[in-house]
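Okay, so subunit A shows up in both of these, paired with subunit B first and subunit C after.
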Partner chain A sequence: MLEFLTRQSLSLILLSYALIMVLLTDQLHSVMIIFGLLCALWRVAVFTGRVALLNKLITNIFTLICSALVIALVYQQGMLSILVHLVVLGFSLKFLELKSVRDVHFFVNTGFVLVALFLVFNQSILMAGIAMVSTLLLLTILLSLHAKALANYQQFKLLSKAVLLSVPLAVVLFVVLPRLPSMWKMPLQNKATTGLSDSVSPGSIAELSQSSELAFRASFDGKIPAAATRYWRVLTLDQFDGKTWTQSSQLKYQEQQVKIGKGPIFNRGSLQYQSKNTRSSTQSVATKENSYQIIIEPHYKHYLPSLDFAKATAGRVLLSDYSLRTLKPVFKRQAFTIDQFNQVDQISQSPQSLKQSLQLPTGGNPKTKAWIATQQASGLDSYSILEQLLAKFNQENFRYTLKPALLGEQQIDDFLFTSQAGFCVHYASTYLYVARALNVPARMVTGYLGGELDSDSEFLSVRQYDAHAWVEIWKNQQWQRVDPTAYVAPERVEQGIMQGLDDQSEFLSGQYLSIHRWQANPFLNQLRSAFAKADYLWAVWVINYDNEKQFKLLQNLLKGLPWLNLSILILLLLLSAASILILWVFKPWQTEKVPSEDRLFNKLYQKSAQQHLIREKGQTIADYCHALSQLTTAEPQLLIDFAKLYNQIKFKPNLSATQRKRLLVELNELQKKISKQF
Partner chain B sequence: MHNKIAKILEQLNAVLLGKEQQTKLALVCLLADGHLLIEDLPGMGKTTLAGALAKTLGLDYQRVQFTSDMLPADILGVSIFDKQRQQFSFHQGPVFTQVLLADEINRASPKTQSALLEAMEERKVSIDKHSYSLGQPFFVIATQNPQDQAGTFPLPESQLDRFMMRIELGFPNKDAELAMLKEQTAATSINAIIDSQQLQTMQAAVKKVQASDALLNYLIRLVNESRYAAEYANALSPRCSKSLLNAAKAMAFIEQRDYVVPEDIQAVFASVTDHRLNGVHGVKQGSQALSQTLLNSVDPLQS
Partner chain C sequence: MIVHKLKALKAKYFERWLSKRMPAVEQITLNRSNTFIFPSRFGGMLLATCLVMFLIGTNYQNNLILLLVFFLLSFMVTCLLFSYQNLSGLNLTAVASDDQFTDQASIFRLRVNAKKGDAQQIQYFFKNSTSNINSVVDQQSVQLFAKSTQRGWFKPGRVTVQSYYPFGLFKVWTYLDFGFSCLLYPAPLENKLQSITLSGKETAIGGHQKKVGFDTFNHLKPFQQGESLKSIAWKQVAQGKGFFTKQFEQEIGGDVYLSLSALKGVSLEDKLAMLTYQVINYQQQGVRYGLDLGQVVIKVDTGASHQTTCLRAIALYGLNNA
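Our next item is the complex of A and B:
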């Protein structure tokens, strides 16, 4: 069969296919990638003439079988994943029947859909740029197919022209078009998540610290709180089995309620706690201290990091442990505005939860218990013993490290008396153990600490390596934060994890390519912060450009022109779009201008044609006037003069402008005279 | 100068009664420096007009009666060996003149007809490696019988195209024929009104007549219509557009204007284009000549 593709087109198709597959690698089952590779190879073999294209029936049956297999393969991963896999399957299978221009169109359009899907998963400016490149590549395929005659650079020129022309339109549409709520819903997917896990055993946060991935960004309306107070609360772990800290069943139940979408009902439930609880401590009304905006990266969970203390609002739930949850999982880069209050409102601690905060596995850790006993024997009360513990961390040879030695069966004993090296979880875990052993209600809070300010102190970037664990103890009828890590490595709290490490080479070890590892290089540093800034602006102004922002922006733009309001603006824009369209279609600058003498003749003709004589197509003005003079009551000489004058104006070359004007005036008078006589 | 033209026309019309249009066109053709073909039935006054034209304009003329046994040498001339001077010497044929009256040109064989080709276009004659220039001015006024008559060799399109105009005389009307018959005894004497020098001055003046872009545009639209519309088997050549413009200029000159108007083009259009549009085997279609159809399908008002 005759090959309709040129080598150039096919290589472009393969290139864009490869690029799109790489972009979607994270979302795809590895089988899909191998399958796609085989399909592409097969098409190359067709191109080189080694195999022939399959017939339609076989292709169709094959497609059905593959679809069924793919659905079975990824059924567990949720609707979105199934969708992505099916589209990718179609995209790959298209190679089997790439035999006409129409098929290539189909391929390219599917490519566009996949690029759009890629943007569902990735919203950073870098990714947007890559998506743009892929789109251009797909467009190039079309060009190479339909503009074969053009040289490469001409194709490139055409493409850039088309893209540049569409940019202003895209910007205007983006800024002005009303942001309607989406009429469709993105199906959720059950995906392996990033970020904090819901259980920690000393050892797992070390992994997290090694990731420089962005967790979220925050910008404050008011003053930016000091680094040492920026404890972003995410999870509370209050169940300990001797090795691992997890959420108690009570908390898990609350999380479950959020997951199945019963947030508001649960909030009412928390009010019930309050009415039953006689020891209620937080009756007074909280006052607002600050307000901040969080742009959170997708983590596919309901977690919403917040500073103490946040409030439940529409779409958000406050758990009884004061941590905030969204009603829908965060599956795209999303912005939230959160108000910070000086105390928590409406939620009080039930006796059960306080009891849970004393839970400890029975037995084990004899050395620790012995140490506690000696302290008690010296007459100290519980809180003083806890302070003694912190002093011990501070004064003895404890080290802050991301690569601690493994701990044995008696974790706490091992850490406290043998290894004496670890990171936040080790210290928090040990402190908690001692507190609970002393009958002081205590719980572990995990989240993020600190975050890095950009060069203009505009926003805060919190990365996964800022993950942290600290402790809250019940004292004076309220939960009070204690961060044992601060007694070992105060720099960790104040300056960030890199400064907190005793051996700084541990930081992001093995990730030589990570730009965050090279914070000492000023150039790279600058580059990094510039990029971070661009990405931030992208997130604020593009990804989270919503109705409210649009309204504000337009309001600002319209401030200078008081008569202009939004509806008039939209009307104006629509009108101007319509007029541009009309101009484009009719191209008035290309229509010939009717010369004055012809206009004058037409004036005359309109009257005479109605009453007397229709000019034949080939008839000249003089002939027509002559014929007319035989028919009308008008003076024949006038008509003959008119024709003569007309011919003079129209056909005499080198008429000066003034001459021409004079003659036109004459012609006009003649025309009026004749018209009157009709 | 314009007096002279009026007088010329007057004299021609006195010779050929009732044919003002045709005499004017014939004069236009000569003023535009083009060759003229007069076609009609025998005895319609073709030769009379041709002869009157030559005489009135004060030009030397030679008349050649074409017959089927004529050879090119009979027109162009021949080299003959001169015994006394021991060399060939060229004896000029009748073509070496100012006006060549080629009577019944389509009775000659194609070979003889084509001998006229070079002479008409290049205004020179090549014999035995020598080129001999013809005098200035040089006109061919040819007459021919309609092609359906016996003993004719139709002129090929290439040769037809070399004639700027073809005119038909047609039967005179009743009054004109009556006047002709009455005047038969008093043979009108034909005087030369101008000489060849004055004719050349007039031709120069014709060339100075201006044509505006609007007019040229009209002309081009006419010519293009013949090239792209389906009705016309033979499209108009660029030589034809040149002829059209020159003829229209001469017409404008006779009408005492120094610029061309579409009416001038329309006036000369039929005689300039009809023989080209119809071709050798062309037959008039329906009641309208092809040239008229063409004129009617192009609007002079558009620009």
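Our next item is the complex of A and C:
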């Protein structure tokens, strides 16, 4: 078969195929990726002439089989995943059987859809940049097909010109077009979620600590709270089986209710409960202390990190453990504004939940129990014993490390008396165990601690390695935060995890490429913070640009220009974008200006050519007018005068500007006269 | 049947509209008033894709997808202008075409004059394409091909000029009437009917005329500087008579009259094709020939213009559009 593609087109197609497949790697089943690789190999082999293209029948059968296989393969992962896989399959198969320009067109169109699907999952500025690169690659494929004759640098020039010219209009459209609400519920992918999980055992947070992935960013309207008080609450765990902390069935039920969109019902229930028992707390109304905006990275769950204490608002639910949930899972970078209150005035604890906060596995950890018994024997009360435990963490040879030794069956015993090395979960877990053993209601809270301020102190970046676990105990009729880690590694609380570690090389070990590992390098640090800032602005102004922001922005523009109204402003913006485009493309200032006398002649000629005589090539104007005078109804003398005058204006030397003007007026009159007589 | 009729009717009205809007011209500069532009099939596909992406973007409330859609739409607007700019200002001039034969594709020429960098990837072909090859394009001219089996005046009709440059998103095109026409001679049909044409009508002046040639020796003439040494009569030089050159001459064949009526047993078109062959043949041989077509009689003569006259007469025989 004749290869209709040039080497350039094929390389571009291969490149964009590879790029798009890499972009979607996270979303694709491994079988699909292998299939994609095979497709690419096959196509290259076709190009080099080693194998032939598949024929139509085989391709069709193949397509059907593959589609069925793909659906069977990813059926569990939900509609979106099936959609992505099917589009990728079509993309791969089209890539395999590129036979004509039309196939390439289909390929490019599918490519655009895949880039859009990629953007469903990824929205950071970096990813958007990569998506843009793939879009440009796809456009270059078109150029290599339809502007073959151009040299590479010319193609590059043309593409950049076209892209740059398209930007203003695109931006104006983006800014002014109102955002429509979702028309129907879109399928979500049952994706492996990132970030905190709903069970914690020593080890799981250590894994998170190895990730420098962004969890969320926050900016405050008021003062930014000190690092040591920035406890971002996410989850409460109150069930312990001796190894792992999980949520009790009560909490799980609440989470379940949120997932099916029934959050508020629970809130009402708790209010009723509260009104019966703790009237005193309703009297003190919570006051707003601060307000902050969170831009959260997609984690495909309902979690919404919040500082103590938040309130339920539209679309959000406050659970009985004070943690905040969104009614819809966070599947894209999303902004939330949360108000911070000095106390929580709605929910108090039910007897069941307090009882749950005392739950412990029966048996086990004899050494710890013995230690408690000793302390009790010395006449200390429960809270004092807990303080003793914290003092023990502080004074004895406990270490804060992300690489603790493995613990045996008797986890608490092992940690407390043998290894004495661990991180937040170990300390929290041990403290909890002791507290519960002492009959003090206690629960584990997981979330994030701290976060890094950008250079201008505008916003905080909280990363997965900021994940933390701490404890709350029930004391004086309220939950009080205790962070056992602070007694081992106070730097962890005040400055961040890197400073908290006894051996700082443990931080992000194995991630040499991670820019966060090299926080000591000032240049890299600057670069990192500049990038973080750009990404933050991107999240605020692009990803979370909505009708509200749009309205504010346009209102601000209007303030400066009181004579404008909104619709005219929008129209003006659109018009100016369009005119920039048109002016730039046609460059009217560069076109040669036709001299006035020629313009007048052309006016005359347009009419005469239609009705009488076409001017031959090389025929002078005088000759033409003469020939015309023989044919038309117009007075011959007028035509001859016209030619004479024309020649005078055109060729007479030393014609002053005023003379010239006068003659032109005359010529114009003649032209009009003749035209009338035709 | 009705669909067919409707189509024909539509074509007719379109043709009428076209000829009103763009009458036949010899030279034309493409501009707004004489070009059409519309999204190509691919452009339409991309618009549909944009709609799909818009739905995805709206439903996922994803601004980046919307931004991508807006960018692609805006890119299409840019392409619209680029595509138009590529074709606009293109100046085409028709070149008068020579007479040609029916058995091969006739060539029509256009002179192309474009701004630097513009007029990329333009396709030229006759709207009613009849030839396998449509055109050969080079820097400054275009050769268009059309084929007809009918002798006589051939009008290939409007020329389509179109381009998908630069991204294939838009088709810019126009149908231009350059009033192209050329005379088609019947394709020569090889035959050996010499004897028939040497009939009684032949004026037997010929047969004895001589002209300078190479065949037979005639006489000696004094040598002149510059004459070939090969033709020097060395014998005479040896005899001491001085330098002479040998002069040769050859006989011219007899004048012939080619007559349509002398050909029998074949169809008229074949007869004309045979005559065409003979005209060409005799012209090549240098034989003086005349042509008798019944209504038209051309006297014996020779030379290129005589050949053209004869061929034209044959081509137009019996046609009323002479």
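The definition used in the following text is that the second predicted complex is superposed on the first by the 555 of 678 C-alpha atoms of A that agree within 3 Å, B and C clash if a C-alpha of one lies under 4 Å from a C-alpha of the other, contacts with A are read in each partner's own complex, and residues count from 1 in each chain.
Note that contacts are C-beta pairs under 8 Å (C-beta built on N, C-alpha and C of every residue); 3 or more make two chains touch, one makes a residue touch a chain.
From a predicted model like this one, the values you see are computed outputs, not experimental measurements.
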On the A-aligned overlay, A:Asn647 touches which partner chain: subunit B = first, subunit C = second, or both, or neither? first
Please work out whether A:Ile621 is in contact with subunit B alone, subunit C alone, both, or neither, and reply first, second, both or neither. first
Partner with the higher number of touched subunit A residues, subunit C or subunit B: C
Looking at A:Asp598, would you say it contacts subunit B, subunit C, both, or neither? Reply first, second, both or neither. first
Let me test your reading of the model: by the given contact rule, A:Leu358 touches which partner, first (subunit B), second (subunit C), both or neither? neither
Please indicate which partner A:Leu86 is in contact with in the superposed arrangement: first for subunit B, second for subunit C, both, or neither. neither
One more residue to check, A:Cys66. First (subunit B), second (subunit C), both or neither? neither
What is the shared patch of subunit A, the residues that subunit B and subunit C both contact? 617
Residue set of subunit B touching subunit A in the complex reads 210-215, 259-263, 266, 295-301, 303
Given the complex, residues on subunit A that touch subunit C span 101-102, 105-106, 109, 112-113, 115-117, 119-120, 123, 128, 131, 135, 139, 142-143, 145-150, 158, 162-163, 165-170, 173-174, 177, 179-186, 331-332, 542-545, 578, 581-582, 585-586, 610, 614, 617
Along subunit A, where are the residues that touch subunit B in the complex? 592, 595, 598, 601, 616-623, 647-648, 650-654
Along subunit C, where are the residues that touch subunit A in the complex? 23, 25-27, 41-42, 45-46, 49, 52-53, 55-75, 77-79, 81-82, 85, 93, 120-121, 164-169
